[in-house]
Structures are given as C-alpha cells and as structure tokens.
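Here chain A shows up in two complexes: once beside chain B, once beside chain C.
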Partner chain A sequence: MHKLLTDEPGKKTFLLGNEAIARGAVEAGIAFASTYPGTPSSELSLNFFQMSKESDLYFEYSTNEKVALEVSAAAANCGVRSMAVMKHVGLNVASDALMTLAYVGVKGGMVVLTADDPFMFSSQNEQDNRYYAKISGLPMLEPSSVAEAKEMVGYAFELSEQLAEPVLFRTTTRINHSTGVVQFGKIRAPKTKGNFTKDPLNLVTVPAVSRKLHVKLLEHYDQAMALAEKTPYNFIEGQGVWGIVCNGVSYGYVTDAVKELNLTDRVRILRLGFSHPIPEQMVKKFVGECEKVLIVEEGEPYMEESIKALAQEAGLTLPIRGKGSDLFTRLYEYNPSQVRDVISRYFGVEDRTPAPVDVSDVPELPQRPPTLCAGCSHRATFYEVRKATEGMETIFPTDIGCYTLGLLPPLSAADFLICMGSSVGTAAGFSKVTDKKVVAFIGDSTFFHSGIPGLVNAVFNNHNLTLIILDNGTTAMTGHQPHPGVDMKQLDMDGYGQVSIEAVVRAVGVPHVTVIKPYKVQKSIEAIKEAVNFKGVSVVISQETCALYARALKLPKKKPFAVGDKCKNHKDCINSLACPAFYIWEDRVKIDATLCTGCAVCAQICPERAIVPAKLSS
Partner chain B sequence: MAIQALTKEPFNMVIAGVGGQGNVLLSAFVGNALLNKGYMISVADTFGVSQRGGSVASHIKISKDTLYSSVTLNGQADVLLGMEPVETLRVLGEFGNPEVITIVNPRPVYPTGGVSYPDLEKVKEAIEQLSAKTSYVNATEVALSMGNPILANIILLGALVGANLLPINKDDMMPILEERFPGKILETNIQAFEKGMAMIAEA
Partner chain C sequence: MEPTRLIIVAVGGQGNLLASSVLGEAALIADIPVRMSEIHGMAQRGGVVESALVFGDARSTIISDGEADILVGFEPAETLRALSKCNKDSVVVTNTAPLMPFTVNIGQGRYPDLAELQRLIREKTARLIAFNATSLAKEAGNVLAVNMVLLGSLIQTGVLPLSTDHVKEAMKRKTKQAFLDSNLKAFQMGYDAAAQAA
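This part shows the complex of A and B:
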C-alpha cells in the first residue's frame, strides 16, 4: 500500500513537504487531482499519480496548467473535492481560467497549489504568486513548515467550501523540498461522484451574469477577511514592543533568530498563514502595540505595502520596514543567517555570529552548473544541428526542459528563452526581422503543453524556420512524468490514448517533416541539413528515449566505451560534446565507465576511431 | 556503541555532493533512523533532475524536542559528510567552523565542459585545515570493487554511523535498509554498510 494511504491516525512519519501536502489532501477526502508537472511541485503530483493506481482518487497529468485547472474546476463544480497542482509560472498559464473561476466559484472544495521558487532553483523567474490572490480576489494560505503544510491543506478544503471559492495554497521550494516529522490524522472517505445542476445564469459568464458574480466575489472576499481575523493560522506570539511580521519559511528563520539573539521577551511576532485577504483589524492592533516593526517576507514587499497602508489608515507613524538596501532584498530566497543579521541590525542588538572561517588558502573551486547527463540524446542532437548549420548565421530559440542546458559551450545551442512554448513563437519573429537561419528547439512534453499553437501560427503565416522536436519519450526534467505522446502500456497502465507528435505535425500542414535517431550521427546531420535548407516551416523530430528514463524502464543496457590506443589526443570528443563521462587525466581524455551509457556518439566523431567498447575488466 | 544523546542542541549535519550521488537518499535514511529514536528532525535538500551534475547539499537539523527551520546557519555545521572533495570544501567555506568533523569520500567527480579540477592534494589539505578532524572513506573505490558504484553512498552511511557522532547505531539503521532494499539487494547493501563502518574505524 502507498505509504500516504496508511490509515493509522497518530502515526508519526518523516515526509517530504510535497508528500505531506499530498497526505493532507488524502485526509481531507480529495477525490480528484490534476497537474502539469513543474518543480518544486513535481513530487506532490507524483504521489497523487501513484496513489490513484490503488485508490478511488482520480488523477491526471493534463496537457498544461490551464487544462489542469479547468478539469479540476469542473469536478469541484459538481461537489467533488479537487486540487490543481502547478509551479508558480504554471499559474500564469492557468490564470485565464482562474480569474473567472473566482467569479463562478465552486461547490466542492477546490485547492489550487502554486509552488513558488525563490532563488530559481529550477525556474526561469522568481515571481511572487501572492499577487495572484490580490488580482483574483481569492483567499490564500501559506504554510511555514512541512507539518503545518499537511494540516493547512485540510483547512484549505474546508475554507473553500465555506466560501464557495477555490483557495490558493502557496508554497515555496523550501517547503516542498524540506523533510520533516508529520503526524497522520484520520482519512475522510472521498466523495468520488458529483452532480451537476444546470444554473446558466450563475455559471455561464456572459457580461450580464459576470456583473452579478463580481458582486458575489466581493462579498466572499469580505467573508474571507472575517475568517482571516479569527483563524488559528494567523497568530501573535511573544511579547515586547518590537514587532516582526512574517509568513511562510521566514517564520522559522525568525523564531530561530529571536531565540538565538535572546529576544523572546522583547519581540512579538505576527505570523500570517492565511495571508489574503490580510486580516486588517489584527494587523492594525498588532502594529498599534509596537514601537517598531520589521516585515520578513521573501520576494516582493507584499505584506509590507498592505501593512504600511493599514498603519496610515489607523493614524500610526511608527517605523515599519522590510525591503530596502540596508535591510531585506527582493531577490532570491532568505536564509537563517541573513534573517538573524537583519533582525539584529534593525533592532540594534548584538549579533554573536562567529566570524566566517578563513578560506584564503583554499584553492579556487570550479563551478558546477547542472549539465546534460552522460549519454543524453539532446547532446547528440545539438551537436548534429551545429554540424548541419556550420558556416550559417543562426539563431537558436529554445524552450523549457533539460535541453535548455544546451546553452553552455561547447554545444551553445540556446539563444533565447522566455517561457514554455516560446521557442516556436519567438522563432517566427526572429525569422521575419533577421536574415539568419532560425532553428528552434522544443521538448516533446513542452510541444504538447504550448508548442502546438506556435507551430500552427508558423504554418498559417508561412514563416521560415526549422523546429527541432526533442522527443525523449517522457517529461524528463521534472522526473519522468508521462505526456500525451507516451505509450502508457509501457508503464503497465491501460485505458489511455496516445497522440503521435509526427501525426500532429503533419496534420497542421508542416510541409517538410523528418524523423531522426540522434545516436546515428551522420544520417542525422544529413537530415537536419535538408530541413534547414528548406524554405518555409520544417520540423525534425529527434527520437531517443531519455537515458535516465531508459534505465528506470529497465531497457537493455549498452556497454560503456573507453579511449583506446589509437587516440592521438585531438580531444575532439571532449571539446565538442562535453559529456560528463569524459574526464582529463594527465592530459589524456578518459571515459568514466560508471557514467558512460554506451550511446557511441563520441565513437562516431573521433577522427581516429579510437573510442571503442570498454573491456569488461575496466 | 553509538553515543546516547546529542552533543549539541540543535545538532547540524550537512551532506555535500554532486547531483545524482544520492544526497537525498542519505538524508532520508539518517532522518528516519533519528525519527524512530524520537528525535525531531528537519531536512532541506537540493533536489531534482535539473540539478544533475550540479553542486548539491542536504541540511539536517536534529533536536531532542524542537522543530527548527530546516536550513543551517552559516558557520554552524557540526558534522559534514562529503560525497565529493571539492563539494566538501565548498560547504566548509560556508558552514564550517573550527569544531566541524568531516567525513569525506576522496574520489573527485570531474566537472564537465573542460572546467579544470583543482589539485586533489591541495583540496584535501584545505579540507583538513578547515576541519577539527577529517576522515577519508574511499567509498567509490570500495563500491567499484563490490561491483556497483552506487553502493558508495551506503558505504558512507556506514562510515557516518560508525563514527559515533549521531545517537544512532547499526541496529537503528537495519530496519530502514530492510524497508528500502527488498530481496536480494539487501544483503549487498548491508555488506556495503558494514564496510563503511569498518573503514571509519580504521580511518
């Protein structure tokens, strides 16, 4: 049985934040969940996926976040408790649906999880999704720890039903990817089937209906604020005339710092876990009892702006600060040392942080940016595209996925990226205003997510571009989730359709379509040359299973390669491929047999044919 | 015999390595064993396929009764388990202090893209200088001799438990290994764990 389905109330266990949230949803009787995978939320939906195989939970990987939100919104409108899970930028994609869903509301509890990524561990920006609560008018909850996240999910479902609105549940990477001790509660039996009652004058958002619904949303907003004033998730602790307001993970850093700086009897803390609508009376009362207030929040001065406005309303003139060059930054995630440092300086108390260790004698340490795996088929395709376009002036718009890592030399196969699906859309613009050859890259999952409209656009407007679809048979970057092109029988799962990328590309009318096997270097280069020389829209589908996924599927392994005696030390292999299985030892190229997957791409480009299957003893 | 109680409150351990070496797995093993003994633990890991080949660290805060925030304060690591020498040194610069005890696998993981690796002897020297005590555990070499490099992290786990720095011993680890490694692979993993314990005793 899946560990999160265990019906042992009281049991203490050690869970990842994402697992704790999934468990919280199970305890709340979740019956329906949907997602498009996105780190740091990926393991949450992975657990739903696993549990759906052995319980009544319906779960789907939807083609993108907007679809995921719509699917769950419909379930919730039939009274079924549902959850749509996405990373912060995924909510941009889903926001069109979200804004008007707020007008329509829900019948059964619906939680929309947005996993923000301060510091951009694995994201293209670090936007602060608390503003989505403000712009939509929906309530927002923000847990401060793994254990609290589990409890708060249950509360989120109740709150959603109480207000008849979806609830935004905002985490940050440090919640999703921290692990902590969690106590299991009772599991509420899920209600899996719902009932839809026709009510078009409240559910079909034509202008006359929406004018009424906006009034209703504002009433719900007022009710939500009244609940935020009373909820146990907004609390004040400690005493003293120095005030700190904080949310999310910052609360943990603040309490640790207050303890270590011996300030427990001088500082009072207001922790906002139900952060939108902000509990105005509570904030005014808290600020009114302080002489000086510090706001500790990662990201934008979201609470700070509201609190300053509320203080003005209340006629309070005490110093209230948060962001500023001398205090907290809007950049990146915070850490305990930084929070302690700012608290001690703002309140003028001594910080007894030990001096940092002296690292003047330490050799310079090499940076280690994440890189394409050994044997990654994307590396082969990038190499082949570079070869096929040698001597041409090129622009390589790219997209979101492992292959974005192709930006680094020597592959240098990424010139522009803004968001999911942007490769093909931006390729069209580049090709119109420059005379350069535009070759765009997109992954298989990203193609389904948001690449298709851009390709249709390119065909309709007759743009001159080549799109390389890097089809590695899975959503690799986020941990091998399926997408509509995946044969689900490979995963022993029945009842799924399968959408062929090639059929889609041909069906939208792309005039030049080829499929290559990127481990066959020469043939692939020839095919890519033909595609880039075609005038108009051409598509090359590069098909090879992700090397890590192949291992997970237990596909037959290939033997590793080694550098043999014929090597004349040109170093073409390492210099043009930079596969992590290579290393330099005493100025000679070596291959780490523990990393080599036997793709044989380097063996094909070695001018001396010196890279050969390794002898077993190595 | 393991120590019976934490020597500091909270007690901070950092595991440093390269994405793909198994830092998340190791922190979960240690965390679960400590949980079974009634400790409060919070762990912050660097995660994800996107970090493959990049620098990664896991922070484990252990307390008798308090749940702390999960990230270590600069300069406050008590134990550092290094799965790779350069990454060990990187973490020592940020979280080290004159009392830190370091256990390190001296086998380098070379960076890609022609980035050069510093002289290994100098790296080791710097690690020793910045640590109160440094123990080398040739985990990768021994794992390779056992036929599977992936065993290196279980060897390091054995070394960590054998070093008697945490209030857990081999008996506390066994149920966790049994749960994680069903069937035939259990025996190999127990052997790897025991090798790690033996190696730290000699280190």
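This part shows the complex of A and C:
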C-alpha cells in the first residue's frame, strides 16, 4: 500500500513537504487532482499519480496548467473535492481560468496549489504569487512548516466549501522540499461522483451574469476576511513593544532569531497563515500595540504595503519597515542568519552568534554546472543542427526543459527563452525582423503544453522558421512524467489515448516535416540541412528516448565505447560534444565505461574512426 | 533541546539523500525533533546536492553560513566549497577521494590540491576527520556505501544527539535489505576510521 494511504491515525512519519501536502489532501477526502509537472511541486503530483493506481482518487497529468485548473474546477463544481497543482509560473498559464472561476465559485472544496521558487532553484523567474490572491479576490493560505502544511490543506478544503470559492494554497521551495515529522490523522472517505445542476444564470459568465457574480465574489471576500480575523492560522505570540509580522518559512527564521537574540520578552510576533484577505482588525490592533514594527517576508513587500495602508487608516505613525537597502531585499530566498542580522540591527540589539569562517584564502574551485547527461539525445541533435547550419547566421530560440542546458558551449544552442512555449512564438518574430536563419527548439511535453498555438500561428502567417521538436518520450526535466505523446502501456497503464506529434504537425499544415533518429549523425545532418533550407515553416522531429528514462524503463542497454589506438588526439569529440562520459587522462581522451550509454555519436564524428566498442579496443 | 545543525554535501548519485533520510528516521526513533531541507533539482545531471538537517528545538529548516555544528562532505572539493557554513567551533568530516568535475575533465578549471584542502579546513575549524571513504566502502563490499561509511564517522564524533543504535535501526528501516549487511559493515568501518583519527 502507498505509504500516504496508510490508515493509522496518530502514526508519526518523516515526510517531504510535498508528501505531507498530499497526505493532508487524502485525509481531507480529496477525490480528484490534476497537474502539469513543475518543480518544486512535482513530487506532490507524483504521489497523487501513484495513489490513484491503488485508490478511488482520480488523477491526471493534464496538457498544461490551464487545462489542469479547468478540469479540477469542473469536478469541484459538481461537489467533488479537487486540487489543481502547479509551480508558480504555471499559475500564469492557468490565471485566465482562475480569474473567472473566482466569479463562478465552486460547490465542492477546491484547492489551487501554487509552489513559488524564491532564488529560482529551478525556475525562470521568482515572481511572488501572493499577488494572485489579491488580483483574483480569492482566499490564500501559506504554511510555515511541513507539519503545518498537512493540517492546512485539510482546512483549505473546508474553507473552500464554506466560502464556495477555490482557495489558493501558496508554498515556497523550502516547504515543498523540506522534510519534517508529520502525524497522520483520520482519512475522510472521498466522494468520487458529483452532480451537476444546470444553472446558467450563475455559471455562464456572459456580462449580465458576471456583473452579478462580481458582487457575490466581493461578499465572499468580506466573509473570508471575517474568518481570517478568527482563524488559528493567524496568531500573535510573545510580548513586548517591538513587533514582527511574518509569513511562510520566514516565521521559522524569525522565531529562531528572537530566541537566539534573547528577545522573547521584548518582541511580539504576528504570523499570517491565512494571509488573504489580510485580517484588517487584527493587524491594526497588533500594530497599535507596538512602538516599532518589522515585516519579514520573502519576495515582494506584499504584506508591508497592506500593513502600512492599514496603519495609515488607523492614524498610527510608528515606524513600519520591511524592504529597503538597509533591511530586507526583494531578491532570492532568506536564510536564518540574514533574518537574525536584520532583526538585530532594526531593533538595535547585539548579535553574538559565531561568525562564519573566513574563506577569502580558499582557492577558486572548479564548478559543477548541471549538464546534459552522458548519451543524451539532445546533445546529438544540437551537434547536428550546428553542423547543418555551419556558415549560416542563426538565432536559436529555445524552450523549457533539459535541453535549455544546451545554452553552454560547445553546443551553444540557446539564444532566447522567456517561458513555456516561447520558442516557436518568438521564432516567428525573430524571423520577421532579421535576415538570420531561425531554428527553434522545443521538447515534446512543452510542445503539447503550449507549443502548438505558436506552430499554428507560424503556418497561418507563413513565417520562415525551422522548429526542432526534441521528442525524448517523457517529461524529463521534472522527473519523467507522462505527456499525451507517451505510450502509457510502457508504464503498464491501460485506458489512455496517445497523440502523435508527427500527426499533429502534419495536421496543422506544416509544409515540410521530417522525423530523424539523432543517433544517426550523418542522416540527421542531411535532413536538418533540407529543413533549414526550406522557405517557410519546417519541422524536424528528433526521436530518441531520454537516456535516464531508458534506464528507468530497463530498456536494453547498448555496449559502451572506448578510445582506441587510431586516436590522433585532436580532441574533436570532447571539444564539440562535451559528453560527461569523456575525461582527459595524461592528455589523452578517455571514455568512462560506467557513464557511456553506447549512443555512438562520438564514434561517428571521430575523423579517425578511433572510438570503438569497448570490448574490441581492449 | 539546543539545536544541532548538520550540513551534508555530495555530488549527485553519491547517496546523500538516503543518508539524510536515515538520519531523519533515526531522530524519529530517538524522539528528537528534526527538520531537513535539500536542494536536488539537478542532481541527476551532475550537480551538487546539499542537505541541511536541524536537530532539536529550532524551526528553521535551512542552515546559514557559520551555523553548521558539523559538516560532512562526500567529496573533498565539495567539502571545501561548503566551508563557509562552518565557524571556528565546527567539526568537519570529509571523504578524501575526489570525483572530478566534468569541467576539470575537459580542461576548464583546476582541482584543488588535496593536502592544501585539508590544511585549509583544519586551520579554520575545530576538528577535521579526513579519510578515503570510497576505499572503505569497497572494502565493505559495496562501492555505493560511501554514504554509510560517512554516517558511521558522523555518529562517532558525538556531535549529533543520536546513538549508533538509533542509526542502525534506521538503516534497517530505510536501506535495501540486500545491502543491509554491507551497509552496516560500512557504517562500522567509518565509525572506526573516525575513532582512529581522533
């Protein structure tokens, strides 16, 4: 049985934040979940996926976050408890659905999980998604620890049903990817079948209906604020005339700092866990009892803006600070000593914690940048595109996935990236205003997510571009989740359809389509040459299973290669491919047989044909 | 209980996350509060994996520069890279067997001199335990047991509020049955290596 389905109330276990949230949802009787994978939320969905195979939970990997949100919104409108899970930038994609879902509301509890990524451990920006609560008018919950996250998810479902609105559940990487001790509670039996009652005058958002629904949303907002004033998730602790307001993981850093600085008798803390709508009376009372207030929140001055406005309304003139060059930054994630340092300086107390060792005399250390795996088919395709476009002036718009790592030399196959699906959309603009050859790269999962509209646009507007679809048969970057092009029978799962990328590309009317096997170097280069010389839209689908995924699927292994006697040591292989299976030993190129996957790409580009199957060379 | 802070650094694939989860389980068995945080997004693609474990009464799950009571490095250059997590009272345990970064393999960047690396760490911290954990793991019959060797050394230092029994019990629960014997052997060899280094 899946460990999160165990019906042992009271059991304590050490869980990842994402597992704790999944367990909280199970205890709350979740019956329906949907997602598009994205770090740091991916393990949450993975657990739903696993549990759905052995319980009544319905789970799906949807094609993108907007679809995921819509699918769950419909389930919730039939009274079924549902959850849509995504990373912070995923909510941008889903935001169109979210804004008006707030007007329509829900019948069964619906939680929209947004996992923010301060510091951008694995994201393209560090936007602060708390503003989505403000712009949508929806209630928002923010846990401060793994254990609290589990409890709070249960409350989120109740709150959603109480207000008849979806609830935003906002985490940050340090909640999703922290591990803590969690105590299991009782599992509520899920209600898996819903009932839809036709009610177009409340559910079909034509202008006349929406004018009425916006009034209802504002009423729900007022009710939500009244609940935020009373909820145990907003609390005040400690005593003193110095005040600190905090949320999320900052609460842990603040309480540790207050203890270490011996300020427990002098500082009172307001922790906001039900943070939108902000509990106005609670905040005004708290601020009114302080002489000086510090706001500790990663990201934007979200609480700070509200709290300053509320203090103004209440006629309070005490210092209230948060962001500023002398205090907290809007950049990156915070850490305990940074928070301790600002608290000590703001309130004028001494910080006596030990200083870090001086590392100024430590020599510069070689970096370990993440790199495409040994035998990664993307490396082969990038090499082949570079060869096929030699002598051409090129622009390579890229997209989001492992292949973004192609930006580094020697592959240097990434010139522009803003978001999921942007490769093909931006390629159109580049091709129109420059005379350069534009070759865009997109992964298979990203193509389904948001690449198709850009491709349709390119066909309709007759842009001159080549799109290389890197089809490695899985959503590799986030941990090998399936996508609509995947053969689910490979995963022993029945009842799924399968969408052919080639059929889609041909169906939208792309005039030049080729499919290549990137491990066949010469043939691929020739096919790419033809595609890039075609005037108009051309698509090359490069098909080869992700090397890591192939290993996970236990597909037959190929024999490793080695550098043999014919090597003249000009190092073309290592210099043009930079496969991590290569290493230099006494100025000679060697291949690490434990890393080599036997893709044989280097063997094909060696002018001496010196790279041969390992057994033959020894 | 006063908090104790541990940083573990490793290269993707060295089993850092399993070691951390054994320690978390051991704390659960010992009924000691514990929280852990890890960054592992790109681990499978050759990156560095860092785990932070905070035992005792604290709420933070990450560890700032200067806050680590003990630093365990599975790879010597990574130990040195993480040195700013330490203060003058910190204890450091490191494997001395390098895993060459790919950048060095292709001629970009130089790997630090191992004697100099140890000198720097020893000079700046309270205590350094450095030995070849990779060869001990091989001796124990499982080259992948570097993580268990270093767990043994970590427990021997006595810095963490965990006993050998707690950790061995956690190993039984968290590691694969087929490897349990070699893992327990590796743990003991690491424990003894640290005792000899004292």
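Quick note on the criterion: the second predicted complex is superposed on the first by the 612 of 618 C-alpha atoms of A that agree within 3 Å, B and C clash if a C-alpha of one lies under 4 Å from a C-alpha of the other, contacts with A are read in each partner's own complex, and residues count from 1 in each chain.
Just so it is clear, a residue touches a chain if its C-beta (ideal position, glycine included) is under 8 Å from a C-beta of that chain, and two chains touch if they have at least 3 such contacts.
Nothing here was measured: the structure is a model prediction, and the numbers come from that model.
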item	value
Fit or clash between chain C and chain B when superposed on chain A	clash
Partner chain in contact with A:594 - chain B first, chain C second, else both or neither	first
A:568 touches, of chain B and chain C: first, second, both or neither?	neither
First (chain B), second (chain C), both or neither touched by A:230	neither
Contacts of A:252 with chain B and chain C, given as first, second, both or neither	both
Touched partner set for A:408, first chain B, second chain C, both or neither	first
Shared contact residues on chain A - chain B and chain C	12-14, 39-40, 121-122, 145-146, 174, 177-181, 249, 252-253, 255-256, 335-337, 353-357, 359, 361-371, 373, 402, 548, 574-575, 578, 580, 582-584
Of chain C, residues touching chain A in the complex	3, 11, 20-21, 24-25, 27-28, 33-42, 44-48, 58-67, 77, 80-81, 83-90, 100-112, 116, 120, 124-125
Contacting residues of chain A [partner chain C, same complex]	12-14, 39-40, 121-122, 144-146, 173-174, 177-181, 249, 251-253, 255-256, 335-338, 353-359, 361-373, 402, 405, 548, 574-575, 578, 580, 582-584
Residue numbers on chain B that touch chain A, as the complex places them	18-20, 27-28, 31-32, 35, 40-55, 67-75, 86-87, 89-90, 92-93, 96-98, 110-119, 122-123, 126, 129-130, 144, 149
Residues of chain A that touch chain B when the two form their complex	12-14, 39-40, 42, 121-122, 145-147, 174, 177-181, 249, 252-253, 255-256, 260, 335-337, 340, 353-357, 359, 361-371, 373, 402, 408-410, 476-479, 548, 574-575, 578-580, 582-584, 592, 594
